[in-house]
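Chains: A, B, C and D, in written order; residue numbering restarts at 1 for each.
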């Protein structure tokens, strides 16, 4: 039953990836741009889902990890002029180090408390950036000298393949031995420990993986838009959007988080002609989805298949 | 196999184990040893501290003092995962398998090394997992999801997971809870198998009876202390154990004047069944209580008494029917049932610990008229004079006996037509039991109240009762007058 | 001079923080809900009160009353439209209700913020002072309105105390925060108790929103920040503990005020945030939390 | 044309869309906006994109004023007979929303030029995209000098960006000029404290303040920059009072209501003048419940002052259509749309490079003065020219619910008046 779902999803994903890969042939430059952002958000949401859906940790501050990666990359590029790849790796490392510093003491905290610490971490990072505005550009944000490409299609392909690779790796991890153990620790840490699994070690590993992908995606986004700013990679509202995307797409599925991000960002754009009210309407739809279909979009597909 | 018995030295030695939770001493100086190929039963009623001992051995709770020596290494206070590596496994009572993984994958999980780097499981795991599954009787359902399995199979998964780590010592929490007699036999055979493989087994259960056939030795606990140890038979015969479980001498004081065998009963329970997930907790229970009667439901811990009462109070979803005063209570809320006159004084007492005695009582009488409430309060303070002295004290600062009195008094403040008393004796010292007993007696004789009492302690229940039901494994197995109990049920009870 | 200013300013700010956080902690204690749309409800009360004052030329008190009413209605909508459907949903596993309520109230908060921005723009607005003018206290010039707000906060907190501890409606609330199961067995309908606590919550939060608008001003964009500050204070004080929240409000309020006056207004929130992190690490149950 | 599919697509674009929509259901709504056909370049209306902050009063007036400008142009016959069509998006005051709206305007709506945003951070985020997408862009309110510095430094890349409002340095200069005439002159004030929000546009503002205030006779005792999130200004006013200046010089735009109300409620005895953008909007009195009494701000134009013959008709029409009077950004946005329209007309095409070339030649009487842009060799390349006979702006003061123009004297229609708690005395030390 479940293996069918898996393979079906994969079969569905492959042609979707092909269709997406030839996007520049049939999509307007504008939609390529929107999807580029959506793909980066997809990576954010998948990283979040690995933590929440598998390790059972509610991270209210995904933008702490994203922001560290984004600013790490941006600062290195601006002040050391390092090549983009080096900056990205550095950003990913910053994100992991910051993630470890945050997570080590926080791992023993439960539920809302863990969530709160991650939330406060975002606030602190934000103030840190604002206070050192001479260095970081403050609220205004900083412009980076390098960008990935000015060509919309190239940027789009970068984002698409980065997301596809991240999705593949995260899905493999989530279904690997590690994912199995993470799920066990997330579901019942005591029972997992009684089976001999070091819960803290595995949770920390999950946190690092999540941090790595969040940080890389954050860095990529910086080099896509050419700017790193608090409003695009750190604000709590961005974190909220990520969480909502993951839950609406279907928690504990990794791919659901990706689908959720794409659907929500597209909906946001399609409804842009509503002007001011587009976010209101999109939020309302998401609220309805999670109340009526708590399994999310992917859960919905699952249900239909079960029904059939 | 006999040979290994002789040669075996102690695998596990537990000495002077102690655990405090705040001011409460949950475990006081407990010690025992386990040899390879030996089964020890650790028994005690709810709150006796047996589970705490098990958790300390597994490292889930950290002992305040004492040693847990496994093969010469003191592992007391180690983290759980490390203890598991050292060779102790725990079969949890409540199984929480991974819901999206198959049975086979769930077993494979337990075979995985505690390593971050192995993304792909060892291919040999598949074979081993299948072998283990066959052993515990899951061979036919390997590819099914846990949610599609019956309760017993879920427990088999737990068993398989513990086995997969090849533990030297296996701790099994309530091995037979929620199982049918056939399944009990299967599980007994499995546990026997552990012994034959040379593993040391610690069975943790409410009472000797359920594990008597299986254990080599048993250790009985009560209020955190050891009260008896020896063979199952010795423990069963032990005076203190009998006192704890039955309350000592069985004596009945039915009211001969109460002849209310005719007329419609105040409450009828018809074919009541309750399931916890997949576990059958209560099956086809039928009983009735007449106006003014004092009826007891006796049974050991885990027999289903609280489940029965909670179902009557509307706290649990059930099948079957409760007819109250001629009308079924189906569809009524917990509060409606309570206001309708069925008031439960639960086993856990459920006091408002940070509120004063008086506030607790006032909440009980909140639905009464002012004058009525004052009068009721006065009469209850007469009945339980200790509560008058403690009126301003916070409930959680009271002694156990006082808390029980407060719980009863609070329930009585509602002027119930039927008072359901669940295990009022739980964890109380003998002196307090007497006081409580007297209070109940006075209550019975002065108010003519209708009571449904649930008790493990038969001796406590018998003197008050007009009629007795015996509950075992979720079934009513006996019904009759208290004076017949000794003769017909006395020996089978423990 | 500065010391007195810090004393007065800190007192009023802390009282406002406290009032804003009490509702949040109360609703968590009694019904187990962390309402992340909390700030949004304060914003609704403030903006509706402000708008009503202009639209109907009301005096400050009438406008404040309308604002509180709007806060109450918003609280009811939050409960009936967002929270109750999730609590009663059979498709949401019981152990995941919490994350669903968190996500749903987050979304609801975003909707409130956007809806209010649409109706009233995101400009901050201030309610007319309840009492205009200034007084001089030991040489320090303080607006009467500020003192009045500090006093009003404590009057409301006092009223809450009276309702909870001195009336027969209040006791079940306290009891529910300790043991909702027992309350059902004693014949109290939990749905009534929930409704009652959401009523109190709506009034408290509405008053806090209106007073905040009168003192510092409120805009639709304040919603998220107000929620975060209430959440932080409540965790610092101990989830569910009303008195803990009040103490925490004063700790945070004075720490911020002292930082702003003595070090720099730029750094205002930092020390309090660091203390919050430390407390969560070292004493997760908060100042007065039980567990 | 070998590919029949391609041919069909070109002939029947809607059909192609439908087909794609059906074909790509797996990707959800992906296909919905796909491949909007490019409209033939030289027929139909000329589109101008507008990005505004609909939730803020200033940003909303960008959208309104741009629509009004298009109506006026169309009423006068459009651009060589072609109508001007305004396409608007709300950026929710977010740089990323603004950039994606900008991209949408450029690549999907195929506009000829974009007018957008009064926030410097947002204009700075859009600027590189205007270069990358070759899309002429003008900001009607963002004042940071970085915007024009980028044009000056990398003209080839950034030449598509224009600044349609005075930059911070000029704003500061006009504040200093005002201070000399109205504060140092009549009241013999000698000292000032600068109070600015921490944002992109206030950095050059404060720098110029610090240079030009001493020149006009106001010694700067301190410069206080505060976070735009600040809600409680008591400590800031307290600190300023502690330094005993004669006057506070402001640089605020994201905030406005809070400092004003708290200044009033706490009866801070110091007058404030400078830039207080929100005070230029007509709703400011209502937002502050009248606490604005006595507040001074520099602004572009006032509805009852005929800075140019165009000022009052525009303000009247705006008032009639939208119910309140335009903010300074509204005047600028109206002028900017007109400047683009004229440039397009002169260029005779919507080719971006031609538009830019014509924009550089702009000399147009607008609502705030004569609109001209500095050349590429000026450090403020493509910035709005400042000075007498060009654009200077004016000072207004709130008095009893009305904005009274108090400077420059040739257009002033009232005298400065302060609430009784403000002490207008020279320093005693």
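General remarks:
Assume a residue touches a chain if its C-beta (ideal position, glycine included) is under 8 Å from a C-beta of that chain, and two chains touch if they have at least 3 such contacts.
Note that the structure is predicted; figures quoted are calculated from it, not measured.
Contacts with chain B and chain C are shared by A.
Chain centres computed from CA atoms place B at the largest separation from chain D.
Chain C and chain D, compared by their mean Cα positions, are separated by 36 Å.
Averaged C-alpha coordinates give centres for chain B and chain D that are 74 Å from one another. Chain centres here are Cα averages; for chain A and chain C they lie 31 Å apart. Those residues of chain B in touch with two or more other chains do not exist in this structure.
Residue numbers of chain A whose C-beta contacts span two or more other chains: 130, 276, 279. Of all residues in chain D, those that touch two or more other chains are 55, 198, 227. Contact between chains, using the touch rule, shows up for A-B, A-C, A-D, B-C, C-D. Within the complex formed with chain C, the chain D residues making contact are 55-57, 60, 93, 198, 224-227, 229-232, 234-236, 238-239, 242, 255-258, 261-262, 265-267, 278, 283, 286-289, 291, 421.
By the touch rule above, chain A contacts chain D in their complex via residues 12, 15-16, 19-20, 26-31, 33-35, 37, 130, 133, 138-141, 143, 150, 152, 225-227, 229, 231-232, 259, 262-263, 266-267, 269-270, 272, 275-276, 278-279. Chain contact summary for the complex, chain B toward chain C: residues 313, 315, 333-336, 338-339, 343-344, 346, 350-355, 359, 362-364, 366-367, 410-411, 414.
Chain A contributes residues 52, 58, 105-106, 109-113, 115-117, 119-121, 123-124, 127, 130-131, 236-237, 240, 243-244, 247, 276-277, 279-280, 283-284, 286-287, 290-291, 293-295 to its touches with chain C in the complex.
Every residue of chain C that touches chain B in the complex is listed here, in rising order: 168, 171-172, 174-175, 178-179, 181-190, 290.
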